[in-house]
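What follows is a set of notes on a single structure, which appears directly below.
Labels run A, B and C following the written order; every chain starts at residue 1.
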Amino acid sequence: MAEVNDFIAHIRSALGFSLENPRDPVQFPALFSSADTDEVLDRISSRTREDKQQLVVQFREQAAPLKLNVHEAAEFAGAAKIIDDIIRESSPEFSEAKEIILHDHPDIAALSLSNTGDAQIVHHITSPTNTAAREQTIASYIGITAPSWGVADTATVLQVTKTGLPRSTSLVPSIHIGVLRLENMLADLIELYAVLKQNPPDSSYVFISGPSKTADIESQLVHGAHGPKEMHVVVVDVSPE
Amino acid sequence: MSNFSAPSSYTEGARRGLADDTLQKNLQHLQNCYGRGAFEQWAGLADPDLRDKVKRRRMETLDNLDVVLSVLIDNVREKNGLVYCARTAEEAASYCLEVARKHSVKLVVKGKSMVSAEIGVDTLLQNEGIEVVETDLGEYIVQLRQEPPSHILGPSVHLNRRQVGRLFADKLGIEYSDDPPTLTKAARKALRHKLLHADMGITGCNIACAETGEISLVSNEGNIRMATTMPRVHVALMGLERVAATMEDHRDLLNLLTRAGALQKISTYISFNGGPSPVGDPDGPEEFHLVLIDNGRSKILADPEFREVLACIRCGACLNVCPVYGRIGGHAYKSIYSGPIGSVLTPLLYGINLHADLCKGESLCGACLDVCPVNNDLPRMLLALRNKLAYGDPGWQTTPHKPSEALAFKFWRMLVTKGARYRFALATCSLIQRPFIAENGMIAKLFGPAAAWTKDRDLPPLAKQSFRSRWQRRKKEQHSINGDEDDNGRGQ
Amino acid sequence: MTPKVSLFIQCLVDSLYPDVGDAMVSVLEQLGVSLDYPEAQTCCGQPAFNSGYSNEAKAAARHFIELFADSEAIVCPSGSCVHMVRHYYPVLFGNEDEATRKLTDRVASRCYEFTEYLVDVLGVDKVKARFPARVTYHDSCHLLRGLKIAEQPRRLLSAVDGLEFIEMNDSDICCGFGGTFSVNYPDISTAMVDQKIDNIIASGAEFVTGCDVSCLMNIQGRVSRRQEQIKVKHIAEILASSEAEP
């Protein structure tokens, strides 16, 4: 086993520098510098509701070939209705009962989905996480999350892991529904990286752009590989309090 | 039960590939679609200078790799990730086994990783009685067939749907089908249980980010996310060059990677993992290990002629445009790294003499350089490798490859450095060739090294009068026309 | 000022296809260019260089740069040779004394491929030629990717009287010559040239042309063996044509 220092020293010497003296990252500001993102952040913060509605149009266009279903709802009540319809019109893939699992997020709580008649079992992940959450996720055929941001140019949503918001909810169930606030719609990945730089997540995160797919057999595109085979983003226009 | 046997040589592998109709058809389709498509992506880039910028940043990173890696390591550890530095393939694979033993691992699921094949970790674990399952559909298919992948991004590109159908009917016990959606669904079902209940996930690392201490994995299928979310241990294998200094670099690299390899603005999933999951989370690994792998890379780094090859982001675009790869397929290269990138990397990692055919077995057409998202000058590096094979290079443990060829070029040198010798040689050949000229005016059979040409091609004979003699004669005629001194009938 | 050109006649042209050289001479003379031909020229060194024998290539290159030291312009009917001189001579002589490096740069900067010289230097994009036939064009690798020459030959061909220019599929894919590659890896090379010929035939052209005799020799050699009807002509021969029969 190579000690880290020896390993780095070996690389350093391969580059023609001294074997003995480590090079301090502080001496290389240019190496770790990146473009200033103030302008990008300003652009984001000054975007109007109408601008964002335009972005949703773009998001929808980009989402279509990815087989990502996009819905728009006014208020959480509207979103809940759309989700009800999805639940009613879909069937479990690997089980009998219609079980769904929800992230512990205020926007999802606002949907009041426990009251919906069609899902037979609604699992709520709690914070701190309930011990049965893993098994419940595996048993569920729909997972509902509240992504932090949406990106119009690439039909992407950002899913950040936190207590009560575990990774598997948007991954293991056959159907993933993401409830995204209109106000969190960004234009492109440059903006997404800018907000990530401003607020780096503590834990893991993932960019999701549609249901899973593969083209490994004769380069023919098939939607539904190992991740969710169906995905919905419900964009909720929440009026300011 | 494997029907696969590695070809004995590049030439034999090429012959097999050329005779394989399925391979020819599939590669033609691949190159028409993904090869041409990559060029269209570059033509449509919002920032036409992006590739140059990214190349510059890659080289800056490589030129200071010690610094960048030390920052990555510190930041991974900050997130409670464990870092192991492996100098060799054996060290890396042994470490994986050690981790597996420590956690009483019975089942490992793998995300697609070229470097995992490079270090041979599967065999080591399997010899220990641990079940190792590839979960990327293409890798799963070739694993079931017990053969190596034939393309960096599409491991099963050499197979048709009927072959996959028969394979699944045999191995998964399903009813035969050659419908890709049906087959994909069968794989989804077969692998789901493994992914949900494996003890350990082993993946590669597409791009690590030093600034944040995260590794990111780029995929479409969701298997890599599953393999890094459900098992309690995640081991990420990383060639030491696969690191970006900043998130801005990451963003730019990602942009080029998904476009070059799959013609996508973005792939379905880009996951950013760093360190174990917070305590209490129902998923995510309890232990995260980043294994940094050298295995010959630092030697490449040390050589200014070849350092550039480490800028490669494994997008596979060069395979999609290479006319040689397009004819012979990946198995002919006898290495998991095939195509143009493989032709440079394989000799550098495993031996230049051993893989002399990879250094010499292409026409240097330059399509790979044209398409590479990071402008890697693979033709230049192939020439450098050929140079080492010509004269030997103790620094790279290389001996001269073909003494007869070296001698031929020494002789050639004598001819081309003196006009008179050259003309004499031509005159001699002009005489010798006469009996070889066939009725159609062409030469159909040569001997010695040139026989390979006439195996499939004719050759025009040396012209009765070379350009030089015609020029000389014309000058003489003009000379006399111009009424200069009587030419005394001076000879031709 | 009469343009002056030193003829750089590729070894393959000199020995196997002198008509190509004659054709280039004819076109240049018609355009009023004054020509000289350094008779001691042999080879640019490419065959050795591409096979890795840089020392031998350098010897050929030295012979070349000394011979062409005083040329105003050096014109060659072969893209790969020009690429060798322009791109690789400075590399070969990169570590030499200043005088040699200067000479190399001078020679390299004055070396042109034939169609490039006509269009970019003489400003000519139409020559007095007649060639009534269906013609397709093969983009040689070093010419296209190394020298970025693609437009010039097409412009000249399209302006030839009676010529019907057809773009073939995959005109930019390598014909499989690659120097010693063609004799060391003949199976692969033949498969590549077969694909090229299939594309030529599929285009419906009677002739295939190009700016590199190495490629054309490769294509012609295989066409001959396959006994196909396609005829192969270097672009210089087309541009020098004036007879009714191609």
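Heads up, the rule we're going with is that a residue touches a chain if its C-beta (ideal position, glycine included) is under 8 Å from a C-beta of that chain, and two chains touch if they have at least 3 such contacts.
Remember, it's a predicted structure, so these values are computed and weren't measured experimentally.
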Dominant interface by contact count, named by its two chains: A-B
Distance-to-centre winner among chains (Cα means, whole assembly as reference): B
How many angstrom lie between the CA centroids of chain A and chain C, rounded to a whole number? 55
At what distance in angstrom does the C-alpha mean of chain B lie from that of chain A? 33
Listed in rising order, chain B residues that touch chain A in their complex are 26, 29-30, 33-34, 60-61, 63-71, 73, 83-87, 91, 95, 135-138, 141, 154-157, 159-161, 164, 180-181, 183-185, 187-189, 191-192, 195-196, 210-212, 214, 220-223, 225-226, 229-230, 240, 245-251, 255, 265-275, 277-278, 280-284, 292, 294, 298-299, 301-302
Note: in the complex, chain C contacts chain B through residues 9, 11, 13-19, 21-22, 25, 37, 39-43, 45, 47-56, 59-60, 62-63, 141-142, 145-146, 173-174, 176-193, 195, 217-218, 220-222, 224-225
Given the complex, residues on chain B that touch chain C span 11, 14-15, 18, 323-324, 327-328, 357, 360-367, 369-370, 383, 385-391, 405-406, 409-410, 412-413, 415-419, 422, 426, 440, 442, 444, 449-450, 452-453, 455-463, 465-468, 470-472
State the interface residues of chain A toward chain B in the complex, per the touch definition above. 1-4, 6-12, 14-17, 22-25, 28, 30-35, 62, 66, 94, 125, 128-131, 133-134, 137-138, 153-154, 156, 161, 163, 166-168, 171-172, 189-190, 193, 196-197, 200-220, 222, 224-229
